[in-house]
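Presented sequentially are two complexes of chain A, the first with chain B as partner and the second with chain C.
So, the complex of A and B:
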């Protein structure tokens, strides 16, 4: 039974396509961002302008802080919820599924207006209100990432084994389930973090300053600088997430249930 | 009656399927998701003096521009969801099949960045690459293809389609990859040991199993494209009339005094459209789940 292998045609054609769709615009913008004064030559001018602008570091730090908090809150809220749903809460699953899809359905614009009407003043006076809405906006992706990976493992068997060996619920979730669904968890983390750090709509409508909203203000003074910011945030985000992805995973290499 | 009652197997979980463990989730979504939406919806039925009225809905049904905006938004989300789901499914397959280990992890994070870059930076990047003075525009011109010879501009409908595809394709990769990874090797081995060719396996087993997930993902992209805001706002400055952008302009304060709550009713109109999409998504999800139980 010799099978014809499609490996190289597929890999090459998809690489060429990815190059055209993703690398060409990014590369074009990167080249543009190195234009010197008056569009002549190549230099770091636009990047130097960028880091010397007021608000560069504060807004970047704010964005990083809010994104980390949103990713952590997402995990704390969603991992136990999803495990319970797939284990025992089957009858609530369609309701939770429904709630988690809503953020995609409801335009973020109207969620923002709703937030202005509905949120208590204490919350509206703090930039941390954004964390909650970042978690909400990421829910559809978080749900899918966690649910799909929970469905590909033998959850019931794992839990029963762990519980009958005397582990508590907390240690069952942390030591058994989390390692088994780590691909889903990293996916959920990536998504929430990336989504939060680039979020513009709700942030601007609620009048907070994070890196994306700061960019727009800065762009009004210097379009080359704005393009430099865009390239910087793209490459920065890719580098950051790649480093996170390449960090050595400490344990659990042996949990290979259906992967 | 002498019947031995079954002991609850494990003490601390003896409650059965109570709702208590889900309470944090329900409280959270109730307060930060449902309550704001209810508030907007209620206000969309109120006039300037808080009286109950349907007046905010009249402009959507009776005046051209708002209805037209809905049509343009629908067309945009349909086209970009199609491009995104087809190309994204192809990429997802190649990635699952051939990108393993660390490279796979890096591809994951790159997809996450691209998929969620549907913001302002993306608009600036495409202006730099495909604008009249853009780098790619110039290179193509040197090669003999002037993309600005016809009606194309990066600020037009076609331009928005290009930019949206940039995040729809990797979004599809992210949401569809788990479905492909979930295809069990046993299924392929079983059909091949029964004499099927690889082609027959895909036609009779692989594709039928993946179709519900594919359709579900398509609906997700559709809904995402339909309510996307920041990129189009930064890119088109209103040249392409899309519903979210009109809502944004309305609530930003450029409002005619008797249309204070028109933005709210447009938002509710979007929710109505999207509910139909969501029904399709839920249906597809149920079909997809059938294979994994």
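So, the complex of A and C:
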């Protein structure tokens, strides 16, 4: 007979608790964002206020542009690097592992000031320098997402099969490896995008204006408007990421095998 | 059926070595595969057979030695420019591509015209009888079907040499037999030079023109399967290929030994044995026969084991002063025997191989 354990009640109760912690503040914020003037009634006033504020669209577009660039740069740098590490650079893996954790250990102020000094002049005077910072702060997460994904496939034999069929390294990565680690790439893309679009500290320290820095300034004028901004940011990010996640996957459903 | 349009070529490995630190995975391997020939490299794990194949494919770099195709040196040619088709043990089909796209992959990499590619893919699907699975994904196929796709994919590029890296190991026994015959049929049909690596002697013997037995990074012997079985050059080959009994014996004169109750002739070998020295003679189970207990040369023992193998049964006989001795007896005859019965047997072959103890 199966012994009764505390496993399931514990799982269910902790899931409910986590859901409450996550949902209740969001629900509260959503309700408040629809409060009318003077906190009475429900209306779209706060959202109308938001979209009519100076700097809303430019800062939002800047953030989106930088986040997209950071996500693409992350993939361009990390996918070949991770493939190399998993194929031929096993002995360097612990070193890279350590290096990729550094953005979590180094204080953001040191990272921002230190890395900016090391940037080429042409980038120091451009908002595009933020792309490189976003790539760095996303590194600990993208590294793990891609590494885990690569370890679940028969990387070595897939690469060898592709090479023996005459494909170059570039074709092998684009046509064979990228589709095989799609989930890891999507994860890395999500994380970089989400971290980039919400990044405040470095942007503020380097005196650039993106959506988060604009939000802080705008929120000081209208508290309900500030809540509307938060809800807008959250829903917007979730919607964008959902679109990427729901892009059609190129594989058939599993069916019964007949010999 | 489409032939491989490429002329078959000669594959040569000259004094090929591959060292991993102090370990010599390959130690001066010399091997020539003639055009259109299927040569199997057979040996236990770690003997260097897969290393040799990977060096030929360009997936491993040799420490020293030469790889020649029709006399041209290929050591420095990258894997993607060698024009070799390789079939892997684990199929290695691309999971995101359909069967057709997998077969087409190498042709796309070579930038072959779309019409020619389509025609070639259709030919290959016919060759492996998988036309109905053209649009299936690898995970929708059985192991045998996946390996046939892998074979079609390797052949689609009309390779100069076909390399088979234990392609049947992951399949169950029945499918293994079918695919084995299919590989041989296709290889003969296309007349393609083929190097086949396996640790399964039955597989190697069944489909190869010649079998090379490897040990410690070297070829112990390479010859036709029947020659390997009947005239092994070394005791390692004798015991690795087929089942063999190692029975203690004493050298009684030059080229003669006493084993059990019987005098036998020793096959010529590079090694000479002094009179009175102790050796082991190597005797195949089918070279032992049951005889009447009254036979003067008969050895008597007790039936200790019976393993039914279909038409034949392997019988283990416990004899005093010798390890368990195996005989192959027809299953009809063995029905009368029970474990614990006393029986008599003798060596039926004229000459046996000996090795120093």
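Keep in mind that, in the parts below, the second predicted complex is superposed on the first by the 223 of 259 C-alpha atoms of A that agree within 3 Å, B and C clash if a C-alpha of one lies under 4 Å from a C-alpha of the other, contacts with A are read in each partner's own complex, and residues count from 1 in each chain.
Here, a contact is a pair of C-beta atoms (placed from the backbone, for glycine too) under 8 Å apart; a residue touches a chain by one contact, two chains touch by 3 or more.
It should be emphasised that the depicted structure is a prediction, and the values quoted were computed from it without experimental measurement.
Asker: More residues of chain A in touch with chain C or with chain B?
Answerer: Comparing chain B with chain C, the partner touching more chain A residues is B.
Asker: First (chain B), second (chain C), both or neither: which does A:194 touch?
Answerer: first
Asker: Answer with first, second, both or neither: which of chain B and chain C does A:114 touch in the superposed model?
Answerer: After superposing on A, A:114 lies in contact with chain B but is clear of chain C.
Asker: Thinking of the overlay built on chain A, is A:67 touched by chain B (first), by chain C (second), by both, or by neither?
Answerer: A:67 contacts neither chain B nor chain C.
Asker: Which partner does A:136 contact after superposing on A: first (chain B), second (chain C), both, neither?
Answerer: In the superposition, A:136 touches chain B alone.
Asker: Give one of first, second, both or neither to describe whether A:154 is in contact with chain B, with chain C, with both, or with none.
Answerer: Second partner only.
Asker: Just chain B (first), just chain C (second), both, or neither: which does A:168 touch?
Answerer: Both chain B and chain C are touched by A:168.
Asker: Who does A:79 touch here: chain B (first), chain C (second), both, or neither?
Answerer: In the superposed model, A:79 contacts neither chain B nor chain C.
Asker: Quick one: is A:97 in contact with chain B, with chain C, with both, or with neither? Answer first, second, both or neither.
Answerer: A:97 contacts chain B only, not chain C.
Asker: Using the superposition on chain A as set up above, list the residues of chain A that contact both chain B and chain C.
Answerer: 163-164, 168, 258-259
Asker: Please name which positions on chain C make contact with chain A in the complex.
Answerer: 57-59, 78-86, 88, 90, 92-96, 105-106, 109-110, 136-137, 139-142, 144-145, 150, 153-154, 157, 163, 175
Asker: For the complex, which residues does chain B have touching chain A?
Answerer: Interface residues on the chain B side: 10, 12-13, 16-17, 19, 21-22, 24-26, 28-29, 32-40, 43, 87, 90-91, 93-94, 97-98, 102, 105-106, 108-110, 112-122, 124-130, 134-136, 165-166, 169-170, 174-175, 178-179, 181-182, 184, 192, 198, 220, 223-224, 227, 229-230, 234, 243-244, 247-248, 251-252, 263-264, 267-268, 270-271, 274-275, 277-278, 281-282, 285, 289, 292.
Asker: Using the touch definition up top, name the residues of chain A that touch chain B in the complex.
Answerer: Chain A residues touching chain B: 1, 3-4, 7, 10-11, 14, 17-18, 21-22, 24-29, 31-33, 77-78, 80-81, 84-85, 88-92, 94, 96-111, 113-115, 117-119, 132-133, 135-136, 139-141, 144-145, 148-149, 151-152, 163-164, 168-169, 184, 186-187, 190-191, 193-195, 198-201, 205, 212, 215-216, 219, 223, 226-227, 229-231, 233-234, 237-238, 241-242, 244-246, 258-259.
Asker: What part of chain A is in contact with chain C in the complex they form?
Answerer: 153-154, 157-158, 160-168, 171, 175-176, 179-180, 182, 250-252, 254-255, 257-259
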